[in-house]
Each structure stands twice: as structure tokens, then as C-alpha cells.
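Below are structures written as C-alpha cells.
The same chain A turns up in both complexes below, where it pairs with chain B and then with chain C.
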Partner chain A sequence: MANLLQSDRSFYTTAGILLVGALLAPALVYPVFLMKFLCFALFACAFNLMLGFVGMLSFGHAAFLATGGYVTGYLMTNFGLTPEIGVVLGMLASALLGWGFGALSVKREGIYFAMVTLALAQLVFFFYLQAPFTGGENGMQGIPRGQLFGFINLGDNLNMYYFVLAIFVIGFALIHRTVHSPFGQVLKAIRENEARATSLGYDVRRYKLMAFVISAAIAGLAGATKALVFELESLTDAHWHMSGEVVLMTLLGGMGTIWGPVVGAAIVIAIATIFSGGEMGNYIHIIMGAIFVVCVLAFRRGVVGEFRHFMQRNFQAALSTERT
Partner chain B sequence: MGINLFALMGQLLVGLINGSFYALLALGLAIIFGLLRIINFAQGAMYMLGAFCAWLGLQYLNMNYWLALIVVPVVVGLVGILMERFLVRPIAQQDHLYSLLLTFGIALMLQGTFNHLFGSSGQSYAIPAALQGGFNLGFMYLPMYRGWIILVSLVVCFGAWWTIEKTRLGAYLRAGTENPKLLQGFGVNVPLMITLTFGFGVGLAGLAGVLAAPVYSVSADMGSNILIVVFAIVVIGGMGSIGGAILTGIGMGVVEGLTKYFYPEASTTVIFMVMVLVLLMKPAGLFGKEA
Partner chain C sequence: MAEREMNNNYILETQNLTREFRGFTAVDKVNLQIRNGDIHALIGPNGAGKTTVFNLLTCYLPPSSGTILFNGRDITGIESSAIARQGLVRSFQISAVFPNLTVLENVRIALQQREGNSFHFWKSERVLNRLNQRAEELLDEVGLLSFARVTTRDLSYGRKRALEIATTLALEPQMMLLDEPTQGMGHEDVDRIAELILKVRKGRTILMVEHNLHVVSKLADRITVLQRGAVLTEGDYATVSADPRVREAYLGVSAEEAAA
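Here is the complex of A and B:
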């Protein structure tokens, strides 16, 4: 129990420091870059809820990012909604899609689950490619950011940044709350030993489905926010590369840790930014692939996991032993 | 609706050809899965590698098609063997999701490398002289090379099925699937068998790549899209049986071809929709034994 309190304290200390840093960050870093990072970090956290805490490897999370983006983009463009409502509706649409994906895929486990989600996401990709409202290959352009609550102009990048930060904090808190609830404990039990969880009377498929819906909803929230930030939604978000990228962020940062996906997203976004454009663009997939291989072979705990492991080994008494 | 027999047969033929590739790739995946319990995400990249090896061989080594048909699968198989020995085996004891991620990373690297070296526009590979031309069957025109693809695919698939289900070597493989420790106890070198099986499964993708080179353009991302379709096919058929993987592969190719004729808008998605239906009605897959 003491241990648990201590880990709580260390979490809130870390979160507090990071939040202060995030509030001050636009003074130092270009806000659009920060917003991009926050959207992907939230996306990765949502993904990690399934892979890290339930052990379900979804290879189709791009579908939720894109659905959040397209639905919010469509509603914002055509109905002049305020952004907070647009974003919530995009999130709901994504949750609904997640329910559909989940209902079909939780019947299969492990590798099959990964293949089913990948194939379903490909179905969604082709839908967005052919549907008239998405703009096909050109993407959906000129999505208005709108006026938050009707009076705060999000056209201003700094206002937009704090809006995105607020969304990130809400989404992240939701995931943290989920993981540390009794529901989250059952999820972790399923990860550790599914047969045991079943024998204890838990309806494992229902829990997995609920985790899927929450994860899809938050991934959709990230996608909706991202569409507003860039005033654009394109097929890149629906492509399987994107599903792979979020796996990489989570794996690299440390799956099953609460901060891992945030760190992983920061690294991957930084690499992608450095190598974007021109000659270097060709190398990005080679580098991503190489990071995958290295992570899987020698670095399975990820950055945060390795750091925690190192601290535990060397300062065992001082730090929590809980693997959240 | 009037049915244009010529067009219908044409699409059916395209479907059979796609189905031939699906079957070869699904067969490779199923053979590897049977023994190693992993999905090789790099199977599509190996197919791409096979096509590129054939093209490079023709460009720089003057290796003709017939030689490529034999040499390339062996080369790609060797790549697979190295991959199994030095990358997949060290993590064999870990959760199988890691091997999926590992092979995904390898696929990304290969695809990125070939994209970098040869650009994203496809390279063309001429149909060998002996297989040019075609037959007029009265109700349709059958280009000889297309018939050749179907023939080779059927022969290879049937040969692999027969070897696995009916021969002594196949019996070892099936025993390895059931209980690798017991088989090792009987004095069979199971790790070697695993490596060779992986090489064979990957070599099949290489063979599919050589067959594909003259009909599709040879490009870096030719493997990734077909692989996702093959994954759906594997989910539809279930991985329990070798025969099931082959039949589902060819069958889905035909379904796709028919869709192209009757409702072209759905032709890219029809296989995924069939997958959804199968998951709703028979979650373990048509030939599957496990969920």
C-alpha cells in the first residue's frame, strides 16, 4: 500500500512538472510542432491502453485516427459547429467504429487479432479513398478551426495550442484513470493470464471490447484534434503505415508504461521531422524499420521501461516497484 | 443485365491469376505458421524481393526467366534462412507478437531500401519468348503467360500439400507442429527443420515474385498491399490446414474477379467484407480449428 501511494506521488510529481513545462513550451518551440506532438502522443497513449495494458496488438489504429479527423472535418466544414462539439462528435464516431472493429476482432486472439484489425483498417482505408466527401487522394482541405465555445478564436496558434493541450490532458487523464480503476485491474489480469481471468468469472471478451472502444474513442479524439490543427485530413492517416507508426511509438517508448507512448511519440515525431522532405525522405522507412528490429531484439522494455528497470535495480528502495 | 461472356471470362481469368498469387503467399504463411507459430509480416517484402531479383538478374547478369524461376526462390529462401537463424530465433521464446513486429520492421526496411534504390515507379519485365502469344478458346482468349502462372501455382501448391500431408518428410513437419519436444526426443533436428521450413515458406514468396514480375510492374510496394489481402484470406480460411489456405487463396481471387465484373467499386474491398462475414458466422475461419 505504501508502495502504491509512493508510485501515485511519483506519477503526480512527474505529471505536474511536465504540465508546467507544457504550459511554458510555446515560448521556446513552434506551437504547431508541439500540437503535432501532443496529438500523436495522445494517439499512442490510446493505442498503448490496448497493447500495453490488455496485450492486444491492434494493427488497425490508423482507422480511428482518420475517422476522428474525417468526421470532425466534415462536420466543421459543413455545419459550422464550434470546435469542442466537432471534436466530441469525431470521437464518438471513432468509438462507434471501434465498437464494430472490436465486436468482430475480439473473437480472435494474438496474431489473428492483429491480422483482423489490419484487414478491417484496410477496408476503412478503401472506403475513405472512394467516398465522395473525403476528397480522395487530395484529402479534405480547409477545415475551419472555428471559435472555441463560440468566442475564442482558434485561428490563433497559441489559443489552439492551449486547446490541444487541454484535450491531451483530458484524454491522458481518462487513460490513467482507466488503467488505475478496478476495470483496469481486470484488463491487466487478462494481459497476464487470460484463462485465469475467465476462470475467475470475468467475461473476457466484453472487457476487451470495452478497452477497444475506449482506445478507439481516444485515438479518434487525437485524430479530430489533429485535423483541426492542420486544417487538413488526408489518407496518410488511414494508411497502414500510420498503424505501424503508432506501434513503433509505443514499443520504443515502452509498452505498458503510462509515459512510454509520450516519450516514443516525441522521438518518432522528431525523427520524422528531421528526415522529412527531399532526399532524406527516402530513409524514413528504413530507419523506422531498423528501430523496430532493434527494439524487438534488444530493447523490449522501451525507453521508459528500461529507465524504470535501471532505477529499480540501483535504487530499489527509493522507487516504486509497480509496473503500471 | 446482359452478361458479356468475353468480359466475364476475362475478369475470371484475372481473378484466377490473383488467386494463384494469394494461394502461394498464403501457403508460405501457413507453412511457417504451422511450425513456428508466427506470422511472417515480411512475406510481402520477400515477394517483392523475388520480383526484384528476377528483374536485377535480367538487367545485370543476363539471367533468363527460366533460370530465375529456379535461382531466385533459392536466393530468397536463403535470405529467409538467415533471417530465421539470426533474427527470429533469438526471440522465439518471447511472446509471438514480438516476432510479428520484428518481421514488420524487416519488411519496412526492405521496402524502404528498394524504394530508395529504384524509386516508386515500377520496372517492367518482358514475358519470356516461349510464353508469349495465347490461345483462342472460343469463349475467351487465354494469353499463354497467364495460363502458365495458374499452372505453376497449382502444381507448386499441390506438390506442397502432397509433401506435407502424404510423405514421411511431411509427417515430421506435422509432428513438429503437434509436439516439437517429443519429435526432438526421437532424434530429429527440430531447430534445423524450423530454419529450413522458414526458408521454404519464404522461398515460395520469392517464386510468386518471379511469376509476378512479367504481369505486374516490379516496384517496392508491390508486396505490402497484396500481403494485407493475404492476411484477410488467412483469417477467412483459418490457418489450421494447408489445403484450406490454398483453396481460400484461389477462391478469393475468383470472388474478387467476379466482383470486378459485376460491381467494380467493391473489388478492392470485397475480400475484407468476406472476412467480416466469416468472422460473424464462423469466427475460427472456414478451415480453422482454433480461434
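Here is the complex of A and C:
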């Protein structure tokens, strides 16, 4: 258990340092950029819960990001809800959709699972394209950020930033707890050896479905928050490109690691922001593609995974003496 | 022995169990009767359908026809995981462990199954620590206590199989199905696993597929010989090994080896 305690301690130390950094960050960096990053980081973490900790590759997570955004946007625009309620309802809508997706897909494995989720997400995309309330190609514009708890004006970017940071922390903590819970232990067992988990009496499909619902809910939370940040929800979020982008973020950062998706999202968003301004804007997909190829060929564990591997290999001796 | 003979109950029975794969009959009207408390071995040449029978019994495969009774209850076609919860737990031909979890965690996963907190995603995994003591007892039983904190991937093959038995025992199954428990092992490991099986048989029934006839002769109370998917004969080791059909079909050379 020394091992567990130690990894616990290093997690909380890292989290503490990052949180202080995040609280101070708006003094140095444009808050809207930070908020965009936090939304995508949460989205990638939600995706990683399935890919990294259960071994399920969903290729339809865009549907949950978009559903969170559209539902929250619609409710905020038409019913004047406070943002915290709007965001929670968007999240619940995504969870519900995730339950539907999961019920239809968890019986399949590997590439078939990925294809079923992709097909369902395309169905959702075309629904949002046609449905009158989404604004179709124009997107849903002018979503009000509203007043948090009825009295904090989120029109102010700094207030909005801390609201988004709080949501990120809650979502991230929920994922961390899920991974390190009795339920998370079963998920890891399923990832490691599904047939054996079944033979020990676990009804594997129900656990996969549950993981799917949690993942979809948090992806929806990210989408709902993002819609408020930009006061806009568009079809970009529902497009299969978005499902691909979250795979890229997760693999780049390191799947199956708790910080990997956060780092991956930071890299992808930073590159997109740096290059989209200049003349290089047209080449952005080529650059991303090249990075992806290099990542898959040269460092398969992703940034965080490679770092951890490097530390384990070089400092294993030091760590084990410390443990005894 | 006398005690077991008095107990005439069958814990597991099959009636005309049949499985066809696109016209090929892998298992043909097999009637098995496993007595409560026995170690029952299923033997036969390669391709006789032993593993298919195993997969049918634990519902990893649905039978084409026939029924399976466990404790007199029809379990044909129910979920594999539900069968495990009823007390019929199987092992696999290739060692079935969770390689990136520790040895202790492997056993704990099995103990956790009956805790009823396996869907609790909001609780800390520390609640599982109360299972550690029981897990350590089980590891001690199979001689793995000193490896409790080791990542399972790093264990030797023989120890992985021992861990698998400890994990299965954690469910306190009424009946264990062992698929070639000594396959691919050196002499020392074979003996160790055989000892272990004798040790854990107390209070439960074991059905095993086994190629090593030395192990079968040492452990099995009853033996069923399968050939081309059908039951050729059944009986104790002396009866079965004396049967000329068995010698012809299967034991021909191996009988002398086993006797040696």
C-alpha cells in the first residue's frame, strides 16, 4: 500500500500546484483561451475514462459534446435559467443520450463498437442539422451566459473563467474518483481480461454501460460549459471531426493516465490557436496530422505516459528504497 | 471415499448436450453426471470436444440442444456471469489473471464481487482495504503471500496459475471447472498445482480437463473419456485405463508412460 499512498501523494501535489497556477493564470493569459482549453481538457478526460480505463474506443463522443451545448443553449435562451442549472440539465441530457448509445453498443467490441458509436453520432449530427431549434448551419447564436446563482454576472470574462475552472475541477475530480473507486477497480479488471471478469461473476455489459453514461455526462458538461463561454453552439461540435480530435488529444497526452488528456488538450488547443492566426492557418490539419503520426510511431504512450515510463525506468531504484 | 459414495447427489448433470458448428458436431449428445464432492476428469484426444464442453457448461457458448442442470436447476442459456454467482466458477486454458494489477488486487477483485459495492463510483477504493486480510489468507493458502504487492505480469507461469486458483477460491465456489490446470508447466510446478488441487478440493466439486495422465491418476475419482464429441466410457482410473477402446483411442502409448 506504500505504493498507493505514494502515488496518491504525488497526484495531490501535482493537482495542488496546477490549481494554484490555474487560479493565477488569467493574469497572464487571455481568459477565453484558458476557458476553451479547460472545456476541451474536460472533454478529453471524459473520453479517456472509456478508452484509457475500460478499453472502449468510442468514435461518437462529439454527439455528447454537442448535446450538452445545444440543450443548455436552448434552455438558457428560452427559459432564462441560471447558468448552473442550465449546465446541469445539459449534462443530464448527454447522460441520457449516452445511456441510449451505450445500450445499443456495449454488446459489440473493438472496431465494431467504434463503428456503432460513429453511426449513432452521425445520426445525431444530421438531427441537429435539420432540427429547427439548432439554427442548422448558422448555429445557435447569442446564448446568454446569465447570472450565476442569480447574482454573479458571468458576462465578465474573469467571473466566467472561475466558474469554468470550478466546473472543470468538479468534473475532473469525479473522473479521478471513478477511476479510484470500487467501480473503477472492476473497470480495470475488464480492461485487463474481460473473459476472466465475467467468469468471476461480473456482468461486464452493465459495467461498460455505466462507464459510458458517466463519460457521456461529463462530455456533455464540457459541451454545455463551452456553449456558455462562446455564447454559441454550432455543428462543428457534433461533426465526426470532433470525435477524431478528442482521440488525438487523448493519445497525444497519454491514454490511461489521469493527466494525459489535459496535456493533450493543451497541446492541440495551443497549436490550433498559434497557427490559426497566421498564414499557416491553411496547413493546420496537415500539422496536426503530422504530429499524430509522429506520436503514434515514436511515442505511443503519449507525453504523460512516456514521462512516467522514463521516471519509472530511471528512478525505480530510488523509489523502491524510499518505500521500504 | 465411503462418505462420497453414500452421497449420491449429482451437482452437475447434462442431458443430451449437443453443439454443432456449421454442420460439424463438436459435442454430440453428451450426458455427464458429476457427483458432489468428486474430482472428475474429462480426458480425450485432441479435438475430442473437451474445451467446447467447458464452454457450454459455463454458457460461454450456447448449446445447439440439450440441457444443463446445476444443483438440479436448469442453467442452460443464462448469462455466464450469473452462473459464476451461483457458485460454478471456471478457469481458462491460458492463465487468466489481470496482468497490470497487483497479485493482491487480483484476489480482491473476486472478493469484491460479493460486497455489493461494485457500482459505487463515488466511493474511494480504500473501502476495499477491508478485504485485504481475507485476500492475504487466500494467497497464503496457495503460497503466494510474499508476492502480494508484486505486479502480476512479473510472476512466473506456474505462480500465475496458482494465483488463478486463489482468485477462483475467493468466490467460495461450490464447484470449480479447471481447464488444463497443469498445461505447459515443468515437473515441479505440475506437482505443486496437483498438491494445491488436493488441498482446495475440501467441501467442493472439481471438474477438470487434463492431458497429464499422471495428474489424472493421482487426483481424479472419476474419469470421462470423450472421443469425437461423444462419451466413449466412464469410470475410475483403473476401469478406464483397462478399457481396450480407450487404449486404442487415446492411451495406447501414454498408458505405459503414466504407469512408469
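Going forward, the second predicted complex is superposed on the first by the 313 of 324 C-alpha atoms of A that agree within 3 Å, B and C clash if a C-alpha of one lies under 4 Å from a C-alpha of the other, contacts with A are read in each partner's own complex, and residues count from 1 in each chain.
Following the convention adopted for this analysis, contacts are C-beta pairs under 8 Å (C-beta built on N, C-alpha and C of every residue); 3 or more make two chains touch, one makes a residue touch a chain.
Keep in mind it's a predicted model, so treat the numbers as computed, not measured.
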Clash-or-fit label for the pair chain B, chain C on chain A: fit
Larger contact residue set on chain A - chain B or chain C: B
Touched partner set for A:Phe299, first chain B, second chain C, both or neither: neither
Contacts of A:Gly110 with chain B and chain C, given as first, second, both or neither: first
Touched partner set for A:Ile214, first chain B, second chain C, both or neither: second
Which of chain B and chain C A:Leu118 touches, first, second, both or neither: first
Chain B versus chain C as contact partner of A:Ser181, first or second or both or neither: second
Which superposed partner A:Ser199 touches (first chain B, second chain C, both, neither): second
Shortest span in Å between Cα atoms of chain B and of chain C, once chain A is used as the common reference: 11
Touch list for chain A against partner chain B, complex: 55, 57, 104-105, 107-112, 114-116, 118-120, 122-123, 126-127, 130, 240, 244, 247, 251, 282-293, 295-297, 300
Touch list for chain A against partner chain C, complex: 1, 3, 177-178, 180-186, 188-189, 192-193, 195-204, 206-207, 210, 214
For the chain B and chain A complex, residues of the former touching the latter: 38-39, 87, 90-91, 94-102, 104-113, 115-116, 224, 228-229, 231-232, 234-235, 265, 268-269, 272-273, 275-276, 279-280, 283, 291
Contact set on chain C toward chain A in their complex: 58, 60, 79-82, 84-85, 89-92, 96-101, 105, 108-110, 112-113, 115, 117-125, 127-129, 149, 167, 171
